[in-house]
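Following: one structure in structure tokens, then a few remarks.
For clarity, chains are labelled A, B, C and D in written order, and residue numbers in each chain start from 1.
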Amino acid sequence: MNISLAADKEFDVIAVGRACVDLNAVEYNRPMEETMTFKKYVGGSPANIAIGSSKLGLKAGFIGKIPDDQHGRFIEQYMNGQGIDTSSMVVDTEGRKTGLTFTEILSPEECSILMYREEAADLYLEPAEVHEDYIKRTKLLLISGTALAQSPSREAALKAVHLAKKNGIKVVFELDYRPYTWKSAEETAVYYSLVAEKADIVVGTREEYDVMEHRLGKGENQATVDYLFQHEPELVVIKHGVDGSYAYTRSGETYRGRAYKTKVLKTFGAGDSYASAFLYALVCGKDIETALKYGSASASIVVSKHSSSEAMPAVEEIEALIEENNTIKS
Amino acid sequence: MNISLAADKEFDVIAVGRACVDLNAVEYNRPMEETMTFKKYVGGSPANIAIGSSKLGLKAGFIGKIPDDQHGRFIEQYMNGQGIDTSSMVVDTEGRKTGLTFTEILSPEECSILMYREEAADLYLEPAEVHEDYIKRTKLLLISGTALAQSPSREAALKAVHLAKKNGIKVVFELDYRPYTWKSAEETAVYYSLVAEKADIVVGTREEYDVMEHRLGKGENQATVDYLFQHEPELVVIKHGVDGSYAYTRSGETYRGRAYKTKVLKTFGAGDSYASAFLYALVCGKDIETALKYGSASASIVVSKHSSSEAMPAVEEIEALIEENNTIKS
Amino acid sequence: MNISLAADKEFDVIAVGRACVDLNAVEYNRPMEETMTFKKYVGGSPANIAIGSSKLGLKAGFIGKIPDDQHGRFIEQYMNGQGIDTSSMVVDTEGRKTGLTFTEILSPEECSILMYREEAADLYLEPAEVHEDYIKRTKLLLISGTALAQSPSREAALKAVHLAKKNGIKVVFELDYRPYTWKSAEETAVYYSLVAEKADIVVGTREEYDVMEHRLGKGENQATVDYLFQHEPELVVIKHGVDGSYAYTRSGETYRGRAYKTKVLKTFGAGDSYASAFLYALVCGKDIETALKYGSASASIVVSKHSSSEAMPAVEEIEALIEENNTIKS
Amino acid sequence: MNISLAADKEFDVIAVGRACVDLNAVEYNRPMEETMTFKKYVGGSPANIAIGSSKLGLKAGFIGKIPDDQHGRFIEQYMNGQGIDTSSMVVDTEGRKTGLTFTEILSPEECSILMYREEAADLYLEPAEVHEDYIKRTKLLLISGTALAQSPSREAALKAVHLAKKNGIKVVFELDYRPYTWKSAEETAVYYSLVAEKADIVVGTREEYDVMEHRLGKGENQATVDYLFQHEPELVVIKHGVDGSYAYTRSGETYRGRAYKTKVLKTFGAGDSYASAFLYALVCGKDIETALKYGSASASIVVSKHSSSEAMPAVEEIEALIEENNTIKS
């Protein structure tokens, strides 16, 4: 099955939400207490997806709020340099800050992050700063779950979804669950189900769908898709880590994608690179089975490198890895 | 046209949201500065609707949060005494307060209110305090717009709507717009349209629908119903003050109800008494045209009296007024 | 001993802090749940002291913040009508509210209050709204402990004390402890000791001094005055309820005042009427022993009446009661 | 003149307030947007002064709050490793963060900082976490002005001053004015004058004293010391940048210290290194004139190096620089 998208749009994808700064440990395989140097990258799930998509050749735009300081200007300059349209990035005037993520790489399997999200500018995007004219210009609108974590960013994201649906623009919901900024699991479930019911494509890990369903144990994929297909979604992707990912369509098909083996440096950035390449494949008109391969290959490349944004692969790298694995398999 | 409701339910209506205290001027037709005595009543739109419905003979329940103080206990005791099931009213444990509304009656045409809504307990109802088992027991779930004004009451109301829809319970959305507790008109429009799209019956004034549509000037009823009937609603009531009210059905019918003349003491409470009697008529299986008459008659009785809750009329009073007006007209 | 005050000042006393609205139960000797009518009075300790002083013939001024609403205007009009200079009462422009105190009179011995202090305008007096020119015009500056409970009112009160000391104006500190608005007992102790050390006259109950000293059990008066006389105070009044009150001077004298018997209606307002009459006596040049009698007599008159502010007695009433008791005693 | 200090104390100095993380630009002489790597150091004025003092051989302790995360543990480990007693550093349990300071070195003359101070753990030190027993063990208690910027750290610092004065411990007030966390200049002036009046030794720049006096233009040193010597201070140090510093004593002496020439890398850390060496000299019983030299020499060494904490000099370096300058001068 292929997903049909509007043909005559200027942008392939417009992402909504946070664009932040990652401070990655230069000395790694040790506790962060012993890391003395940090390298700066643009970060944040929707920013990473916009960067990854742009690197693959999609035309991407971004709706978000950045601070009026050195980190804010760095983000805007970097994304602009990557070919992303930043005309809808709003500069905060209230002294808010860029969200920061310090990464700790204890070992390839044990990574953790230390987030600075207090008064982060991205969470202060106002609904009045989201414009119908801009949203009408894209094939896909990508909403990151974290944009729903606090007001007024929450209302800005809800308004973007409302305007997209009103104008027949397909909505992609990347669950991107970060417990840090949410008040309670109940609250997350309320907004995750609200937006998932209205989205056309939903992408997340099994654990993130359990959060959406406000479930303590691990849910069944079938129950999740039965619920979502009563509403707007036509494609639901559920990721199971090293066990690969599954795509379900409203028309009843199920596809499975394998995870690609790689030498892992750290686990950050896997989801964002997956989403970039998966959406790239859909926009190029590839079938869902192929899109799953693009997603997995892209993720496996990023986890072998130091950053999440700068490490986003080119199409050739992805296709080479797929080809290589096809050969191995046979 | 009649609205079909589930037959086998314990409650006719469960209202969600605020139950507060009104302090009505004992000496009126003067500025509040010169009013020295105030009389205490239960107030708040959904509480008034529950009281009005109960007085008319419906079995009503209430989901809300009241403080652990003398005003909170007064509310619970009064509503319980009116036959309302208060088993789902939660007592706040964080020292919050009962919302207060001081009323100023300068003249029958010039009324104003002075609201105390800071840290009002009703706005702190948590989603975890809304239970599926309770909501399953009613024919109608009534959501008041003010419950959406702040978190966590907002999420509690959204969860109640989600649970009602999941269980096939009809949702009535009374727009009940009070600018006081909202941060911006944009924010109100986001949540009003979100809930109105999911409701089965929507009731409000023309001005309140303009708020929902985030419109500066006055909108057209036809545009409003064209929009809402693309979503879940099957019945939309739009009130135009002394020019009467209109009911629109998804199947294309339009009904008009006249306003009844009365000796007005004050304008408060008209909307709540309208909603109580309108819903009463629907539950009793009366047609929409008749339901509009019940609403108008009930409203005209309440505006001639001192309170909003205690003044809620009995069926006989409503029917006598309708009869009297039918006679006059002929 | 007499307290020497500047002779050439326009005001006898300027009070700083809250001016609020009391809503007193019209039907009493019952729980508030059963009280249906409330009578409105101006309230708040420093407002009551200004009103009481003014009724006794002192020239009083007031520094405080009132809301831009009907209750705010009522307060200003009432205090102005009592002869108080309200030129330094600032009108809030941020939508804050008048603090409210609902009184419950279960019996003459069991009284309680229900306070509304969230976003109360009086706590938002800014230090920039306290002016040296105004403070220079008074003999006594009266600080109420509650003004220290929150910023920015706290800084406004500290600035007023600073300016008074700088200009040789005597500072009276009325401890007026209301736990409601304080975050912790530790915090109260920090500011109470800070201001008490700088004040010239300190007035409070034994329990309030225990709060100042951050003491769990009941402290000894001698320890309290030993501590305070190492700093600025020259006169310390410690009230022991029905056991009367004690005044201690820096020069080592101790005076005891008896409590006057009366038919108690409620306990509210006793402290404010005590302070008004005590300060009146000092300003009139009476000795401390006589001032204690004025305080006690005034308190006993107010507790026999319905309000705290309107019930403030005239000089003749106070003197008649003192005379009557002198006669009885002999 | 020498300052007499208690002889029999375990600690020479206990500092109160913030201990944070500095992230210093590794690539400098460029805008921060172009700096891609940052090096981590312990920072924050009172932490730097404790580190500097400890390096010079004083026995230092610290009262402050650090987060329960990797940065918090780094701070505690580093300071402990420098010989500072960290037994009174409290670990925050509410998820607060370490304050961060990114430094931008455009040129030796143009340096700026980007501070992260939202929900910084140090500002949440509670008065209940400051203990009399600990404060009794030191010769000097050092209060940093920034600790007064917000509650509850403000009350913790006020309590520390209260306990020091009660026990005859000398209080050093380092004005350390950082506009970022203060609400208004009026508020700063209130608390700066409050603590400066109670301190024994006050140290700051001319500009900081202007903040304390809530002055728009530049004040005169003589007016400042005339005011402060009416209260508790016995020694007041006023720094005038490259024009050197002045020390005034209550007994009427004035001393001037020259600034030492150096090759400046950045301007950060000058004040903290000055204070460390000045206090070291006082504790060692050196006269004030010599102490001013120690301060200047220490400052000039730190501004030539990359960090503020790790660059703190040893006694030999300071004395060598003083000696060298003495020789040059002659």
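What to note about this one:
Just so it is clear, a contact is a pair of C-beta atoms (placed from the backbone, for glycine too) under 8 Å apart; a residue touches a chain by one contact, two chains touch by 3 or more.
Since we're looking at a predicted model, the values are computed, not measured.
Listed by label, the chains that touch chain A and also chain D number zero.
Here the CA centre of chain B is 60 Å from the CA centre of chain D.
Our note on geometry: chain A versus chain B, Cα centroid distance of 41 Å, whole angstroms.
Mean C-alpha position of chain B lies 44 Å from that of chain C. If the chains shown are joined wherever they touch, the resulting network closes on itself as one ring, and no chain has more or fewer than two partners. Per the touch definition, chain C reaches chain D in the complex via residues 126-128, 151-152, 155, 158-159, 162, 183-184, 186-187, 189-191, 193-194. Contacts from chain C toward chain B in the complex involve residues 23, 26, 31-33, 35-40, 69-71, 73-74, 77, 97, 100, 102, 104, 114, 116, 118-119.
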